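For reference, chains read A, B, C and D in written order, and residue numbers begin at 1 within each chain.
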Amino acid sequence: MKRTPIYGMMAEFDSPSDLVAAARRTYEAGYQKIDAYSPFPIEELAEAIGFHSNAVPLVVLIGGLIGCLSGYALQYWISVITYPINVGGRPLHSWPAFIVVTFEMTILFAGLAAVLGMLALNGLPMPYHPVFNVPRFAFATKDRFFLMIFSTDPKFNPVDTRRFLEGLGPRSISEVPS
Amino acid sequence: MKMTSSNHNSPSIDVCPSKKNKLDLETARAHLAETQGPEYWRSLEELAGSPEFQEMLHREFPKGASEWLDSVSRRGFLKLMGASLAMAGMTACTKQPLEPIVPYVRQPEEVIPGRPMFYASAFTLSGYASPILVESQLYRPTKIEGNEQHPASLGGTDIFAQASILGMYDPDRSQTITYLGDVRTWGDFLNAIHGPLIAQKAVQGAGIRILTQTVSSPTLADQLRSLLKIYPQAKWHVYEPINRDNVLEGAKLAFGQPVETQYKLENADVILSLDADFLYAGFPGFTRYARDFAKRRDPDAGNMNRLYAVESTMSSTGAKADHRLPLPATQIETLARALASQLSVASGVGGLQGKMAEHLAGVARDLQAHRGSSVVIAGDHQPPVVHALAHAMNQALGNVGRTVVYTDPVDANPINQTESLKDLVADMRSGKVDLLIIMGVNPVYDSPADLAFADALKNSKIPLRVHAGPYQDETAELCHWHINEAHYLEAWGDTRAYDGTVSIVQPLIAPLYGGKSFYELTALVAGSEATGHEIVQAYWQKQHPGSDFDAFWRRSLHNGWIEGTAFEPKQVKPTTSNFSAPRHTDFSDPRNTDQKNLEINFRRDPSIYDGRFANNGWLQELPKPMTKMTWDSPVLIAPALAERMSLKSEDVVELELNGKKLTAPVWVQAGHPDNSVTVFLGYGRRRAGRAGTGAGFDMYSLRNSATPWSVTGVAIRKTGATYKLASTQGYQSMETPDGGSRPLVRSASLEEYHKEPNFAREEEPPAALTLYPGYDYKKEPYAWGMAIDMNACVGCNNCIVACQSENNIAVVGKEQVVRGRHMHWLRVDTYYQGDRANPRGHFQPVPCMHCENAPCEVVCPVGATVHSTEGLNDMVYNRCVGTRYCSNNCPYKVRRFNFLLFQDWETPQYKMMRNPDVTVRSRGVMEKCTYCVQRINEHRIDAEREDRKIGDGELQTACQQSCPAKAIIFGNINNPNSKVSKLKANARNYSLLADLNTRPRTTYLAEIRNPNPELER
Amino acid sequence: MQIFHRSTNTISRATIFGAIFVIAMLFWAAAEVQRSPYVTYAGVARPQPAPFSHQHHVGGLGIDCRYCHTSVEVSSFAGIPPTRTCMNCHAQIWTGAPMLEPVRESFSSGKSLIWNRVNDLPDFVYFNHSIHINKGVGCNTCHGPVDRMPLMYNYASLQMEWCLNCHRAPEKNLRPRDQVFNMRYEEPSSAKPIMVDGKTYTDQISLGRDLVTKYKLRTVADITSCSTCHR
Amino acid sequence: MDEPRQSAPVIEPGHTFATVTDKISSIVLTRPTSNGWFVGFGLAFLVFMGGLYAIGYLFVRGVGIWGVNIPVGWGFAIVNFVWWIGIGHAGTLISAILLLLRQSWRNSINRFAEAMTLFAVSCAGLFPILHLGRPWLAYWLFPYPNTMNVWPQFRSPLVWDVFAVSTYFTISLLFWFIGLIPDLATLRDRSENRAARIIYGMLAMGWRGSARHWSRYETAYLLLAGLATPLVLSVHTVVSFDFAISIIPGWHTTIFPPYFVAGAIYSGFAMVLMLAIPIRKIYGLEDFITDRHLNNSAMVMLATGLIVAYGYGIEAFMGWYSGNRYDSFLLWNRLHGPYAPLYYLLLICNIGIPQVLWIRKLRTSPLGLFLVSGVILVGMWLERFIIVVVSLHRDFLTSSWGMYYPTRWDWLTYIGTIGLFLSAMFLFVRILPMISIFEMRTLLPQAEVKPE
């Protein structure tokens, strides 16, 4: 594939509706490597750019299971195997007493999995990103909505892509330097 | 042997013995001598490099007085410094400090480092000896036990004997000879007294006065008598504030001669106590009497005795009585006369009406019905005539020779001590005295106020005043010379038990501060410089001439007494007619007497006796049997009186007795006779030491020589002020304020018991009730358990002190007790039941229950308290982080917590005193009764080495060993034949709060009373 | 606008994983230090007033342990010999040796020699020599090759885990009673089998198991109860 | 979003994405800091220092400086612990449970409610450590390999506490932090100051609002809420086990878990209001924290308050109905014992006064609510005091009955933690957006995507 000095082409919109509409059109136009940026979550947007399912729930499930098992295993190993001792005449394996910690460990691991999993999948932290090279992108965290077509998209071509984007009636278009 | 900078002598010198290998000290002496007396251990201290010790050696008067009463004192902060060290000792991840290890130069043959030895000796209180065995760790006495073979002990001791070990190590003890407060040597004193003695020779010692305590020591008596031969004009005065003048005069009145009265309670079916508290320490022969009494309290044996008590203040004897009659002391004589005439022995008054008469008639009939097996005991503080009447009644009831035996007096110089002191004061004032030697007495503090002894001592120009005693006390202050007395554990001597048996007192350690014994002092005055050892041995050489003396001497030392020295019964005839006229005959109606004219009773303090033990922290903090009071001496008043005067406990009142005033707090005492108050002597010391100085109120200031025990005419006035009292048991009833009641102490009358033997049993929840399967202890060779017979227990507190001594339990001081932080592992709960004017008393010793389903263990987050395979509830101090959850969850509240650094980590004496077998606990850890696990381990190890099992009774806990009544039985409950198993099988056996399903290993035998059926209704 | 340089992406991730690694390392280091001779003194010879050599006296001259440590069989404390014990021999031999001066000094002056404690347990731990000897635990099991120690040092860490290792599996260390004081005792092996009561053992475990029953050892549960050592 | 027919809106009309953003971020970004803030923070910090002094002395002398004793082994420390933990419940409850219940009005109060949770839990976490006899060994409660070969004892509720509280803190922290990420990005892009930009930038981790990120973000946030919901209920349940597991009358009761949780939410909302009311006044946030919020919170308090009242009722009833002599005495002791006045005060604070919340007018009067909330916080503290102290001071053996008197050190430590809490709050409102900006944006009508 051809090397290009630019990272992608970015169009700025005023409202979530415009962005969603634009995103749909772009996707339908056959662009796959696109992304959209908004100051708040917009349910329809992911669909619009053809992002359908994410892996976070699976990660959380795995985390939870690990927490649950390790929690109980820890208590069983300590109380029955490595340090067996008569506490108040209770049996070594006093399972009802072990439930609480098992539960807490489950929650803890699942929670950690959720956050860390989300960050990892999102590739964060990433303090530097080409999109920040666009001065107006600062408004992406305020009240502006951006659509992005990456230069790695096979259909990408500085001229045609710009023209295509203009067709979406954005407030402005900027080239994102790599 | 080593002294470490750490909390106690490390494991290197511990171990309890498998068998008490008693040996005489002869050989030991040799080794001690070899290392120049005191140097022997001092050198070790110096090695330990403790500057405090040096400082202490040279300081003149104890510093930091009343430290225990004040939490932010100088030493309080010293303790802080100790804390760091404490942590080092107790935390897991700290580097061990490098410690020195110091072997002997020449090791005595019989010494096995790490194994204690036991020596027989005797502790003497007011002339009466308690035979003891002293546990010695490499020549450091660490624990007092009873002498099982001695007839006067049978293994039991009393609180004073138990606590005397602390007395010896007391850092506030006088540590040097002084002249007007400056340090002097024995030699200096010798020179100083030499001249005056020469001068006295000329006048046959007309100016010499010697004031001693009650002397029962044959040797000392002999010395003093021979001294009086050298100085025929000299006089020997005897005084003790808690004297037995009335007993003596009573005997003279009855028989015309002084005799000792002994009781054989094992033969007594009916006992009548006329204000005699014979079931508490301080009463001559208490340990033996308690045992004999308890032996006859077994309801299953079929020969249970019956005790009637008439008393002027609530006492443990009254609490144990089957019938108790509270009566002002001054009215007991009247009652005695009435009873005597009922028994037709005396021409007294018959004039009794109402319930009192019925009651008395019933008692009389009961006594009559048990001729020869009954006994009437009169209290020491009752007037002579009551004693005479008691003698007459015993005679008439044919008890003499059966339950009552008369012998020669134990007191070697049976004179009226109050008179004796009066004479002395008279001589002092009239300038007849040139050389006054006071031995062990503290008259400036404790003599009757009207004699103004202090004044006489100060203002009469006695040229040479010598005081010898254990403390730089109030009297020492007013004398020229002070000789620091050697403690009885430091010096040779001999003494007599209540039955006359002589014990040799042998030293366990060279005098810590190089003190001198009275024997040596007396010898010096008599012109000899013999050592105590020579003096005592020489005397007995005379008594036991012949070639076998060495054998005799060794045997006597080994057994702890000298054969054939017990007094022979004496045949004396009482003269029943010559009773002086009654003092007053009316039983005045309580309600119409006013608060201006109440009766006041002066009594010895249950804990610190006459004040001589004021600086003994163990005794100061020992809850008094009836009030559970510590560190103080409130005025006891009856509930009725309190109501009339609208007084509550801790209200301060002003007492006024013939002009003298004194303010003190009151304590409302259930069962105290109305229109009468009781005060306790021994408090308000000015120069007792850091513990005793300033504690309580000095009741001696109200006491008169004419009426030393009780007198009517005291006025009390409410001041409106209040004063915090440190009682360890705030609530003394099993009835809760909501009207409910809790079956903590279960009791029944003998009849009820025979009808329903299982009355005490309570259904324990079935084991199947829980989700968890139980733990099987049956497979273990040992399962430790304890049974406490509340019928036998007389509430004498001995177990508490024994436990404190054995387990290095800290003293916390009044302020901390007030906050509810006393540390006793074993407590004795006192409950009152029924009519507050005359309730039943119950004693319930409460150690750790060692529950099989221990609630404390389950909640400990770090497993610092868990179960051993033998069923012990182990407490692991070094694992404890101090959440106190275990204590919260302990329904018996037997756990104790080191809220602050309670242990003294600096004072070298205390380091030497502690039991090296028991960890000294630091700040922030929980502690509690361990069933003396150190003893269990040592016995198990010895047994295993000899490839056998621990025999029943071979292993005794500290509380059990010295319990005079043998109320506490400990042993292996997996052995069906062990004593404890048998007791637990008894119908009376029940466990406390059984419905909680804690399955305690400590159980109780319900209390059975034997009231007179005819008086019941 | 662009606040950060490209490299920060890598740096930030490196920092996150680095931090995790560093923390793990710290914990590991702490654990190591806790077990190191710095804390336990294991293998560290202590300075002593007189340079007494067990190597010479035990290894060389073959003096039995009990000649000096007299109470080891009957008491919790093995016993440190009094100066007199030294003088029994050194009154005759090496009477002039300068290194023995402290000993002679102590004997004449009557002031004790002050040794530095080598095997030192915390004060809340109660160890009893006699019972271990009695159950067939050899001296050098805990004290190591004393006969090869010129200056005495403690062989084991003396930490609780070390004690428990044996209390949880005593069979690993038991030997016949008559071998307890044998400094050169070797565990049974097929090369060097051991005969006990006519039975030949070629491995420690089977020997240990039989000795456990023979010497009536208490159960592991018994000897791992807290109050066995803590009172 | 299903809006129950409510008059007051969640957010006043006329706002745009921009105004919302500026309004909230400006509080953080405007220079210079107001003097009022400095004064407030200074005072709070001073109080906190007082607490540190008390703690220092505690470490030197030992817990003996407090009023605890035998039988009352737990005093102020545990009372405060439970009180703070309870307060700490509102945050996660609002963020998680109300999120799941799609109560969008929560969006304007969840942020500082969560912050409050963190600070409250931190204060709470101090006490279990401080009240130890040997606090420097607190780490022994964690299972870690050590040279002693010993481990924690998992049957003990205190170990459960360790796990529950630390888990709760961690999850709350994560929840709070990921909620902050988009707003940190906003601050990063809004702030003029370079240092601030770098710091916010680092914390924002390069958030750029990508649609993919948003979708994963929303999933994670929702799942976290789902996890936090049982957690928040479990934490106070576990705390209540500290008492319920034991055998002490007044502790050993099955009603505790629900009744503790209700109490926790009760006091939690009270604290939220006590903070929200002044904050919205001072920073003029009435547009975002409207009467609607006050009203809803007030109704939550009313409801939980009634549950708590039911709890008291059941306790009393059981005391009588069980016929158990110890339980019935406990009831008597609460009503007539030495601490009875406190019990009556408790009833007034927690059951009596809050009934005024039935009055709608009062539910929307800031001052009224502020006062009622204060009363409730006092009441809830008293409840814990009654449970801990009054149950312990007279248990089974009458011989061991005692009293508990707090010392000045008890008070100083308690007040000190309040100082710590307020100091933290002051710092929070100054350096972080106290209202979730991006979630506020979603509340605007403009946020709706019109179908083409």
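Here is the rule we use: a contact is a pair of C-beta atoms (placed from the backbone, for glycine too) under 8 Å apart; a residue touches a chain by one contact, two chains touch by 3 or more.
As the structure is a prediction and not an experimental result, all values here were calculated from the model.
*Asks:* Counting C-beta pairs in contact, does A-D beat A-C or the other way around?
*Replies:* The greater number of contacts lies at A-D.
*Asks:* Identify the chain whose mean C-alpha position lies nearest to the mean of all protein C-alpha atoms shown.
*Replies:* B
*Asks:* Per the centroid of Cα atoms for each chain, what is the distance between chain A and chain D, given in Å?
*Replies:* That pair's centroid distance is 30 Å.
*Asks:* List the centre-to-centre spacing of chain A and chain C in whole Å, with centres computed as mean CA coordinates.
*Replies:* Whole-Å distance between the two chain centres: 58.
*Asks:* Between chain A and chain B, what is the gap in Å from one C-alpha centre to the other?
*Replies:* 80
*Asks:* As a quick test, compute the distance in whole Å between the mean CA positions of chain C and chain D.
*Replies:* So the centroids are 53 Å from each other.
*Asks:* Specify, in ascending order, the residues of chain D that touch 2 or more different other chains.
*Replies:* Within chain D, the residues that touch at least two other chains are 146-153, 155, 159, 188, 201-202, 205-206.
*Asks:* Which residues of chain A are in contact with two or more other chains?
*Replies:* Expected reply: 83, 85, 87-88, 90, 94, 125-128, 132, 138.
*Asks:* Which positions in chain C touch two or more other chains at once?
*Replies:* 3-4, 9, 12, 34, 160, 221, 225-226
*Asks:* For the protein chains shown, what form does their contact graph take: line, ring, star, complete or other?
*Replies:* Drawn as a graph, the chains make a fully connected set, so complete.
*Asks:* Sort out for me which residues of chain C touch chain B in the complex.
*Replies:* These residues of chain C touch chain B: 34, 38-39, 41, 46, 71, 74-77, 79-85, 106-107, 110-117, 120-128, 130-131, 134, 160, 216, 219, 221-222, 225-228, 230-231.
*Asks:* Show me the residue ranges of chain D that touch chain B in the complex, using the header's touch definition.
*Replies:* Spelled out, the residues of chain D in touch with chain B are 60-65, 67-74, 131-138, 140-141, 146-148, 150-153, 155-159, 162, 242, 245-248, 325, 328-329, 332-333, 336-337, 392, 395-403.
*Asks:* Which of the residues in chain D come into contact with chain C in the complex?
*Replies:* It is residues 145-150, 188, 197-198, 201-202, 205-206 of chain D that touch chain C.
*Asks:* Which residues of chain B touch chain D in their complex?
*Replies:* Going by the criterion above, the answer is residues 80, 83, 87, 90-93, 729-734, 736-738, 740-742, 744, 816, 819-821, 827, 829-831, 844, 846, 855, 858-863, 866, 879-885, 887-889, 891-893, 895-901, 923-926, 992-993, 996.
*Asks:* Please give the residue numbers of chain A that touch chain C in the complex, ascending.
*Replies:* 84-85, 125-128, 132-133, 135, 138
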